[in-house]
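Chains here go by letter, A, B and C, matching the order in which they are written, and residues are numbered from 1 within each.
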Amino acid sequence: MTIDHPLPAAPEQLEELSAEGLGERRTPGFIRSAILTQPAALVGLAVLFFFVFIAIFGSYLEPYSIHDKTGPVYAPPSSAHWLGTDDGGVDMLSLLIAGTRVSMEVGFAAALVAMLIGGAVGVISGFVGGIIDVVLMRITDIFLVIPDIPLMIVMAAIFGRSLKNIIIIIGIIYWTSTARLIRAQVKSVRERVYVKRARSLGATNNRLVFKHVLPQVAPLLIANTVLMVALAVFAETYITFLGLGDPSAISWGRLIENAFLGNAVLNNAWWAIVPPGVCVTIVILACTMVGQSMEDALNPRLKVGHLSVRRFRLRPLGGKLDSE
Amino acid sequence: MSREPILSVEDLHVWFDLSGGSELHAVQGVSFDLRPGERMGLVGESGCGKTTTILAMMGLLPSSASVAGSVSLDGENIMARGEDTVSPHRWKDIAMVFQGAMNAFNPVKTIGSQIVEPMELHGTATGKAARGQTRELLELVGISGDRVNNYPHEFSGGMRQRAAIALALACEPRVLLADEPTTALDVMVQAQILELLVRLTRDLGLSMILVTHDLPVVAQVCDRAAVMYAGEIVEMGAMSSIYHDPRHPYTRMLFGATPDLLGDADVISIPGAPPRLDREIVGCPFAPRCDSAFAPCATVAPRRLETSPGHEAVCHLNDHVVAKEPA
Amino acid sequence: MSTTAEPGPLLEVDDLVTRYPVSRGVVGTLRRRPRLQVHAVEGVSFSVGPGEMVALVGESGCGKTSTAQTVIRMVDNQGGSIRFDGRDITGMSAGGMRPLRREIQMIYQDPYESLDPRFRVRDTIEEPLLVHKLGGSSKAREQKVLEALKRAGLTPPDLFIDRFPHELSGGQRQRVAIAASLVLDPKLLVADEPVSMLDVSVRAGILSLLDGLRRDGMGILMITHDLSTAAHFADRIAVMYLGRIVEEGPAQEVVRNPQHPYTRALISVVPKRDPNEQTVPQILTGETPNPVHVPSGCRFHPRCPVAEEACRTIDPSLQRPNGANVPEHRAACIVTAPGPSADEVGPDGRSAGQLAAAAMRPAPLELSGWWRRAWALAIDVAVMLAGGVALGGILALVPGSLGSSLRVGIGVVLFSALYFTIAHGSTGQTLGKRALGIAVRDVHGSGPIGYPRAFLRWLAFAVCTLLTVVVIVDLLFPLWDDRHQALHDKVASSSVFQV
């Protein structure tokens, strides 16, 4: 009669770990633990939460109205206006706070669009394979090849300038990398033994995709989406800077555009240009830190320095450490 | 075969740092001698510490490992100052064939260049001489010398394992550590590789430690065997001695769990699982699973006792033997 | 032999053939390399009855895993038949197989990979019930899950039911996988190397579990490379080599009285437990050949220690050997088991009759004279022009914006390219060449065509595709008309370009 002990032997796992490097055995919830244990990721998350908070509640925080002239034109930062005023005398800090909403909105929405399209294409392409895979991949190639700025110009010219269009454009440009990534992962998960086992049970494709494949792919998708937010925020900024943005929406890119159009440089008004740029940079950095730590968690081999010289330590004969 | 051991391991301990501050005591006081030309088997199941032991002997442990004890090659302790004292001997005196060695070749370099590499690195041969020696090595392990410029993917699994053995012999070591060399191979190819290893030890005077979980392989190929459990050697002695007169219940039960091709005896598994090595073990580590455990086993750790010349075991059942601790 | 009085075998496999195509890759396709196939399973017949464990034993490449996958219809077979419980399931559709999937279950080799790491034990074992919509209420399903856990030896079941796979040892995971197969109460279990990745001390437990299931009436087909395990636990053993069964019979008989040279060699090299009882190993040279290139005649003859001249041409079938002790013991070897019906098979696996028929085909004519070739070319050009103009005429009728002469031109080029592609595709013979009786080299025997011709083929194909796309796009989005001008005006006047 065999009775197996309920708890695994830790040495079994570590023997394999020490002998051949970290393997693919990851426990569910490791993403959460990866983020919560890495300081870079925590800082990134905190920063993102901060900006999201400002985006949602910003209108209550603006010290001055953003539509009225509340100070002299291009006034430098002072106790009354912390970040000075722009070429219309409007308080820069208020503008910055107002701009956060649009930039964050576009960033997240566009990343969501890209994730939805890319994820769907990747899953279908990877799972179904065959001719559908070939066709979808060729379509992906076509979209990859489209140059973004001319596309934006043409879209703006034909369909007009609005936030919705910008979100769509950014989504269209950026979904391809997600699709490729997800497709590769889905292809690999599809070959795993537990998926084959479920299929040999007679499970429908629906069940296989939603219960087995997607949960394995979701962490990668989320990590990718976080990085996509960074790209989308930056894209929105330069689209608007080029003059293709929504004329009625205030975003960080709009502020920079205004600053250039209003000759802020000639007036030495650095406070009109630098703060929005800094905000964009901080958001991108934050997204990258979170996204990178998630990717590191997904691929532990990235972290472990296998190429480093293995320097084991010596302990004096007969000496065991007190901590046991 | 001279009586002086070429390799002598004494009280080897290895600890691994675990996240969270604790340690895993993977190897707990391993001691054995290896004589020239001898083939010794290091047998055990997953997690028993056999691979860690030979990695420690080669100095190939990661920075999360701490090592204590001595590994003496010809009387000189190569562990004395860690990496500094090990590296001069690595590959030149003691070499290793790794687990999964067939997949350890660089796919974009030829086999020949990869065998020449350690020769040049360790300064044993260069240029034309190195290439010539590489050809000879390949012939020695049963690969045609003309294949020296082939890439790894052009070889079958068995041939790559032979190439891995040639790689280990590149600097003419005196001790060969083979970690599960035939585990992933078919039984016929396994027989070929084992025959090769036996031939090499005889013709080149190599000493070999064969690490495996497969008892019958050790029975077929090795002169002596050491059975490991929970980081320590629980029994060690000549092969026939261990088989016919096992002095540790784990050895006996391990044989009993191994099906024999022509045998009739029932095959019985060993209940339970090995103990966790990140905690202090009280008493005999095998006691919870042992079918002969009695009073002292749970509380008192058994001592290493020599039950007959050359045959030792760590078990309270042997306590009645004249309490002579082996040298 | 089956000792039960059940009416018939659970699984009957007859002359099963499974082949996988070998991918040629882009370069291979361009150069028209012959399509090769992996001859995984080449005529395998066996049966498994209820309460019986049959072991398919062999080294890698022998086809045992492919046989198992074909039997459970995860892979299509190219020949032979599979009968389950009396019903012919060869070629059955996925829908038809679904109810049968309850009765045939498979256990996989890798316990670390066969459980979804995100599913708890409860979810894994419950999944078959959900897939087949059985088990009633969730309470009833939980009962079944607990039952299955107990049957698989994981007691007390409450301790395991909510765990994740990473919290279990290898042996426990394999038991969970077995429990998941048991929950549907199958009749046949196919176990693919169920214990090869487990520790020795744990293997016996799993194998006894399977043995217990067998005694309860389940049929078990076990795939393994380990002869010792098969000898201990199986009722019958079938030894496979390169897609064929070379010896089969009761387990103990095959192992103690092997008749086929391959089996004899295998048994001699398997290490025994007793260091003093080691047999002299009969080590065969080389390794098992690639199943893509199967040797002619007897598959084993290149490595066989007792091969004779006849072995190169005769592909033996399973016969009762002279040295066998029981009638059910059969081996496929003309040296040790000569029998009445040995097939004469030549190279390429073609029988003598087929070889004779091939020899009677007329030898290809030599290409003769440039005059004939010139006439052939003229015919081809005429055909291309005529067909092209006709196609162009049809295209001119299709609404679109391109001019009609342009369309006729497109038609000619398109037709020519198609003609060129198709003609040189299969046999290399165009109408002109065929009309003048000019034979081309037999593609099957001459090897891949050269790069220049292959490149031309692909160029023609690309041109066809491009032109077709142009025509279709023009149909849907006019490429050249007044609307083009309007769009140009609109973009130029949009606010974007106003400074």
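Here, a contact is a pair of C-beta atoms (placed from the backbone, for glycine too) under 8 Å apart; a residue touches a chain by one contact, two chains touch by 3 or more.
Keep in mind that what you see is a predicted model, and the values were worked out from it rather than measured.
**Q** Select the category (line, ring, star, complete, other) that matches the graph of chains linked by touching.
**A** complete
**Q** Which chain's C-alpha centroid is most distant from that of subunit A?
**A** B
**Q** Which one chain sits nearest the middle, judging by mean Cα positions?
**A** C
**Q** Averaging only over C-alpha atoms, locate the centres of subunit B and subunit C and give their separation in whole Å.
**A** 39
**Q** What is the distance in Å between the mean C-alpha positions of subunit A and subunit B?
**A** Spacing between the chain centres: roughly 48 Å.
**Q** Taking each residue of subunit B in turn, which ones touch at least two of the other chains?
**A** 46, 269, 271, 273
**Q** Multi-chain contacts only, two chains or more: what residues does subunit A have there?
**A** As it turns out, subunit A has residues touching two or more other chains at 2-5, 7-9, 12.
**Q** Can you list the subunit C residues in contact with two or more other chains?
**A** Residue numbers touching two or more other chains: 169, 202, 205, 208.
**Q** Which of the residues in subunit A end up touching subunit B in this complex?
**A** By the definition above, subunit A touches subunit B via 1-5, 7-16, 18-20, 308-321, 323-324.
**Q** Which part of subunit B faces subunit C closely enough to touch in the complex?
**A** Interface residues on the subunit B side: 45-46, 156, 158-159, 186-192, 195, 213-217, 219-221, 239-240, 243, 253-255, 257-263, 267-271, 273.
**Q** In their shared complex, at which residues does subunit B touch subunit A?
**A** Contact set of subunit B toward subunit A: 11, 13, 15-16, 18, 21-24, 26, 46-49, 51-52, 55-56, 59-63, 65-70, 79, 81-83, 99-100, 230-231, 269, 271-280.
**Q** In the complex, go through subunit C and note every residue touching subunit A.
**A** Touching subunit A from subunit C are residues 72, 74, 97-98, 101-102, 105-106, 108-110, 112-118, 127-128, 131-132, 153-155, 159-160, 163-164, 166-172, 175, 177, 180, 202, 205, 208, 490-491, 494-497.
**Q** If you look only at subunit C, which of its residues touch subunit B in the complex?
**A** 59-60, 169, 199-208, 225-229, 231-233, 255-256, 265-267, 269-276, 278, 281, 283-284, 287-288
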